Amino acid sequence: MAASRDEVVERIAAFTIETQSWGYVSTGTRFKVFNTPGTPRTVHEKVDDAALVHSLTGVTPTVALHIPWDRTDYAALAKYAAEQGVRIGSISPNLFQDDDYHHGSFTNPDPAIRRKAVEASVECVGIMRETGSTQMSMWVADGTNYPGQGDFRRRRHWLLESLREVYQALDPDMSMLLEYKLFEPGFYHTDIADWGQSLLLCQELGDRAKVLVDLGHHALGVNIEHIVATLLDRDRLGGFDLNGKRYADDDLMVGSTNPYELFLIMAEIAAAANDDNAVVAGGAREVLFKIDQCAMVEEKLPAMLRSVEACQIAYAKALLIDREALLRAQTAGDVVGANSIVDSAFQTDVRPLLARARERLGARTDPLRAYLDSEAPARRAAERVGTPAGW
Amino acid sequence: MAASRDEVVERIAAFTIETQSWGYVSTGTRFKVFNTPGTPRTVHEKVDDAALVHSLTGVTPTVALHIPWDRTDYAALAKYAAEQGVRIGSISPNLFQDDDYHHGSFTNPDPAIRRKAVEASVECVGIMRETGSTQMSMWVADGTNYPGQGDFRRRRHWLLESLREVYQALDPDMSMLLEYKLFEPGFYHTDIADWGQSLLLCQELGDRAKVLVDLGHHALGVNIEHIVATLLDRDRLGGFDLNGKRYADDDLMVGSTNPYELFLIMAEIAAAANDDNAVVAGGAREVLFKIDQCAMVEEKLPAMLRSVEACQIAYAKALLIDREALLRAQTAGDVVGANSIVDSAFQTDVRPLLARARERLGARTDPLRAYLDSEAPARRAAERVGTPAGW
Amino acid sequence: MAASRDEVVERIAAFTIETQSWGYVSTGTRFKVFNTPGTPRTVHEKVDDAALVHSLTGVTPTVALHIPWDRTDYAALAKYAAEQGVRIGSISPNLFQDDDYHHGSFTNPDPAIRRKAVEASVECVGIMRETGSTQMSMWVADGTNYPGQGDFRRRRHWLLESLREVYQALDPDMSMLLEYKLFEPGFYHTDIADWGQSLLLCQELGDRAKVLVDLGHHALGVNIEHIVATLLDRDRLGGFDLNGKRYADDDLMVGSTNPYELFLIMAEIAAAANDDNAVVAGGAREVLFKIDQCAMVEEKLPAMLRSVEACQIAYAKALLIDREALLRAQTAGDVVGANSIVDSAFQTDVRPLLARARERLGARTDPLRAYLDSEAPARRAAERVGTPAGW
Amino acid sequence: MAASRDEVVERIAAFTIETQSWGYVSTGTRFKVFNTPGTPRTVHEKVDDAALVHSLTGVTPTVALHIPWDRTDYAALAKYAAEQGVRIGSISPNLFQDDDYHHGSFTNPDPAIRRKAVEASVECVGIMRETGSTQMSMWVADGTNYPGQGDFRRRRHWLLESLREVYQALDPDMSMLLEYKLFEPGFYHTDIADWGQSLLLCQELGDRAKVLVDLGHHALGVNIEHIVATLLDRDRLGGFDLNGKRYADDDLMVGSTNPYELFLIMAEIAAAANDDNAVVAGGAREVLFKIDQCAMVEEKLPAMLRSVEACQIAYAKALLIDREALLRAQTAGDVVGANSIVDSAFQTDVRPLLARARERLGARTDPLRAYLDSEAPARRAAERVGTPAGW
């Protein structure tokens, strides 16, 4: 049986999404960064934007930080965020923008640089304590551009040794979400290239190390929902970096390139949540849904609102799949029937259900429209004069 | 230091490759199978061809079988093979050509079909005993074509349960090599889609379950040599299905589409063999090098000879990499220098070294030329009248 | 302004799709062909199935033939089809299943084989006359598997010369739709690999040579709707081979892997139809919408009904795009706004509109349900005993 | 017959390659730009580096400029270059780094921006006159990130209109080389996405508009040498942007990811040069070989020297293909034989031939070694203090 309309409304209202501080700033390609009016200049303004998105949508209560992009007095920032109605979410150490990381961070042949990277990460554990964050979102950008540039196995040992030190610094209620990425900035190899590499490292680290799935980090054609199901099955799914991609790590708005794929991923989440209430709503199997996009040409606030809605649409449709009928069709070998059941959920227009969920949350029925019709766009543009924040 | 010329000759002479019985028969695409004169009609003629290739090259002492394609009196076949100068190598159960497998084998919703697939595999353990084979090469062709057609997690449990039963039937000196494949015949998902899926299952099965890397089974752009290095590091590399690919599982001659990639894969083997003599020449970490190609338009014997040579060329070049200089360049962050060391080995013409290795083995200096100049092509064509063997 | 609901209903009712005779037969992969009960044994039974689909959907009045798969008394077949309520649509010469085509058809180094291929194609012109068909759908399967196997430029000259002879044999009211395909059965190169290759040849042939876009024949990541728009702009879009793909030429049900892409392609058609009524409904810029799928594991009739519906859904949603608002957003550089307008159309549930269109056509409201609930499945299975037709 | 060793030496000595000013500066990814010591600060220092590469290799007599990156007194620069021993080569207008180009250049909905882009390009014609350049190398970076953001056909008309105005401003001895690129910075579509799009525009512009093939701008799996052969056949190959890629537009050292592909591309050039001496050495069918790489982590001068050598190696091997034997094998349908002939040339170590060609040119036998052993690296690092040039 599919969830009833009322259940869908309830679950959508309970389904929270994390926005990221660096999704509000000016970013672009290696060719050019275009600014848009109203871009935040400080971490406090980023938090303001995150709080605005939460007030409009009702489902984005946390904001992720990237250190040192968001360096500040963290305890004060946590207090400030709370005053705006949001909390600090996951914390990511940045291990790729210092000149020292020219030849890698955790896998650098120079032990002093590896030490520096470990310490920068351990510093983030302190920030997590100060801000009440329990999830370290770890992307290791290390890789090489040419055959011979690095020794795969030696680098792997350095990587594991470094990660282990960081992992052991975590408090018992903290977890490490370990990201993987096929390429960029390494164009020949990346040290954590796929979910298999990430999972192996997590196994070697411990139970609170889990795999983070960035929707833009796979080879073309890879079936992401199958990976998600497998990680759920082994209790190693830590969460998602949500965005849209067509070719590479395009970091576009969530669901904008292939909404059906997003729906199928959410279908795995919905199925697992069915079996085990804990997947989405918290507990040991909590999964982080973090947006990780870059608004390169478009307005950033609208882009974020669109992405939040895209996640909700996909999840709502996933909840509408009639799982009992699906199981029957699968068991009977009725291929077209099984697929039709999935498709029928996808064809449903769930926007009215979203509107009801928002109403229940006291949010705006149409967050994007509400934002555009408010004085916020003009106010942000007027107030935020000067250098916008970037990466 | 790179291996000396003499060492390279010695190692090339010791580097053995398995040819496969189904590489000698008529195969093609879904559109058409074209025959060529002299194609074997029986498993004995396939063994004859394998023995011919071994007599010409000196490095292909074993031939892989696929059951039931090669169904026969196995003890008698082993004896026949020995008389021709070769041995039976790995054994593959075929779990995809019976009508019963319409909706899968190990993951079929029908327990009777799963049972049948397990029994067909366990039967192969008996064949291994009869033929002296110690490696089961397992490709599970299961997958789905449409979202909803199967339940990923339920299928995974069936798969593991089935594999476990087969694994436990193995004798202590036998191992299971578990293949993965991105797609085909499943076009939406395959149950063992990548090395991560395969490795997870191997971990759950036991130490003698290892990953088999088919060079044509990856998404475009995936760095295969990095996977190989990781599996070597975790002692889970079981072996290779060697072939060439450009787009999909093209099953072309080995090295014919990207000889540099083959060289880089062999460079990981050579580096590991350096650290641990056992990798190539036998022992606990023995790695199987099995050719798995389909000659769709070309003559089959020449194609096989070309593939054997391509493996030897790649391996010989890999042995020529100056590993000490490479380590120095890597440590110094000398990117161009490190890459130049690798490239210099690749640029070397190693055919004279191959000729020396063949001389030492009592094989023909130029196996392809020797074959073409012999009476074998005409004799095979004349004798082998009637229906050629196929898949 | 988007089309009104009534206009959408009207346009959906006028939007016809061609089914293909080889979509009703047993097909599979190179590994195995699985049959399903009720598969046609003869071309007449294929026509029966096509007529059944038309009676259920009201929008598939023509059926494409492949020669010699469908060899018969063509005038009689045309009469028989008319009696069943359908017409013969496009005709495809098969240039890849004779042993003679081992090394190519139009590009074969042997002039006698090239002559044979030309004559087989010219024979199809006669069949077109006998059946009232006006479109030759031409797929040249030629290509190579290895570097050096063929000379690209010499092959191109032979190809052009051959095609020209076929083109010149066409009657003035006939057109040639020239397909392209990235790979398979050629795995190193195909002679007409992409739309650029096809277009160049069409330009050299004449105005009635147009490009045929098979949705499964592109490299991963390619933007098909952009190609479609470009061909429309140059008046060189001949039509579509409609199917679904994820990796290669998977020939799955239409829209089953990426319904959003299908919608975006239809959006280009809808936009062009807006400017120029003739695109869809006939006339000089008529575009052929031909299904070209293979039901490999699923029931064939249901699969065909699903594909027809998928096309209609995509086209109906495309018609709902508010083009005036879109133009305003584009002109204003409102990226999120423009994308939202497109997304809003996609989110709409158009199944009620389809039901209305079917009512108007006197077809079944839910063709798949109607088929499954009828006695047709059981009757087909009972009557069609014996060898099913295949490729 | 293959070219004799002496002919190869002669042709290698005559085969000139253009280096690009922006290949000497500090570039990186969107994540980080790492500097290396000795990076040029001015266009004059870029020319110094180009001249140094020419003095070491003897085959890079021209240097490409990008405007406005290289804005200066152009006549003076041309004089300065001549004094250093090099000339100004192709000129590229930069149409992607002004804020004005936020929503495109030639395809911008705002006619004032389109006008600006046209004028910036026409300005480059003046620079060409001042510097003696005859080739405009045109990359249009326009594209969109989201469905709906732009109207493909309207943009195409604006693009053609703009290009036409630039084309018509060219002097009769000048040509326009029109680049294509699958993606980046547009992640949903790019207006000139593939060679077909570029060729169509060139046809509409005139005979002196030709296609520029950047080796990193194709979808994965695309057969570039087939495109090159087709463009040669239609006399529309303008030239190359040479670099290495694995995944996206990685802009790595030439030949570093797939030297066999580079060789096969050069084989088409060599074959065409055989038929028509003019292809490489000048004249109507002159083809530009321009390096277009970014040294992101490696030393820039060594990287450029490696790339020049990689081109020479590939071309030398291509010249060694025995074309008469190849034709015989192709005609006989001897697939393995034909491929073996190509492979045999590739396996040859041509570095001794390169050394002879350099000797004849009065260049250094081993340019990279000569550079590293000279005082140039230290001198450049010592003199070039301050802000390095970048994009």
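Residue numbering begins at 1 within each chain, and the chains themselves are lettered A, B, C and D in the order written.
Here is the rule we go by: a residue touches a chain if its C-beta (ideal position, glycine included) is under 8 Å from a C-beta of that chain, and two chains touch if they have at least 3 such contacts.
Since we're looking at a predicted model, the values are computed, not measured.
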* Structure fact -> A student comparing A-D to A-C should find more C-beta pairs in contact for A-D
* **Chain copies touching (chain B, chain D) - same or different residues, decided at half shared** => same
* Asked: For chain A and chain C, what's the span in angstrom between their mean Cα positions?
  -> 39
* **Junction residues of chain C, two or more chains touched** => 102-103, 145-147, 149, 182-183, 188, 220-221, 223, 246-247, 253, 256-257, 297-298, 335, 339-340, 343
* Based on the touch definition given at the start, go ahead and assign the chain network to line, ring, star, complete or other. => complete
* Asked: Can you list the residues on chain B that touch chain D in the complex?
  -> 220-221, 223, 246-247, 253, 256-261, 297-299, 302-303, 306, 313, 335-337, 339-340, 343, 346-349, 351, 368
* Residue ranges of chain C in contact with chain D within the complex -> 102-103, 109, 145-153, 156-157, 182-183, 188-189, 193-197, 199-200, 218-223, 225-227, 229-230, 232-234, 264, 267-268, 271-272, 321, 326-327, 329-331, 333, 335, 338-343
* Structure fact -> Note: in the complex, chain D contacts chain A through residues 27-32, 34-35, 96-97, 99, 101-103, 141, 145-147, 149, 182-185, 187-188, 220, 245-248, 250, 252-253, 256-257, 296-298, 391
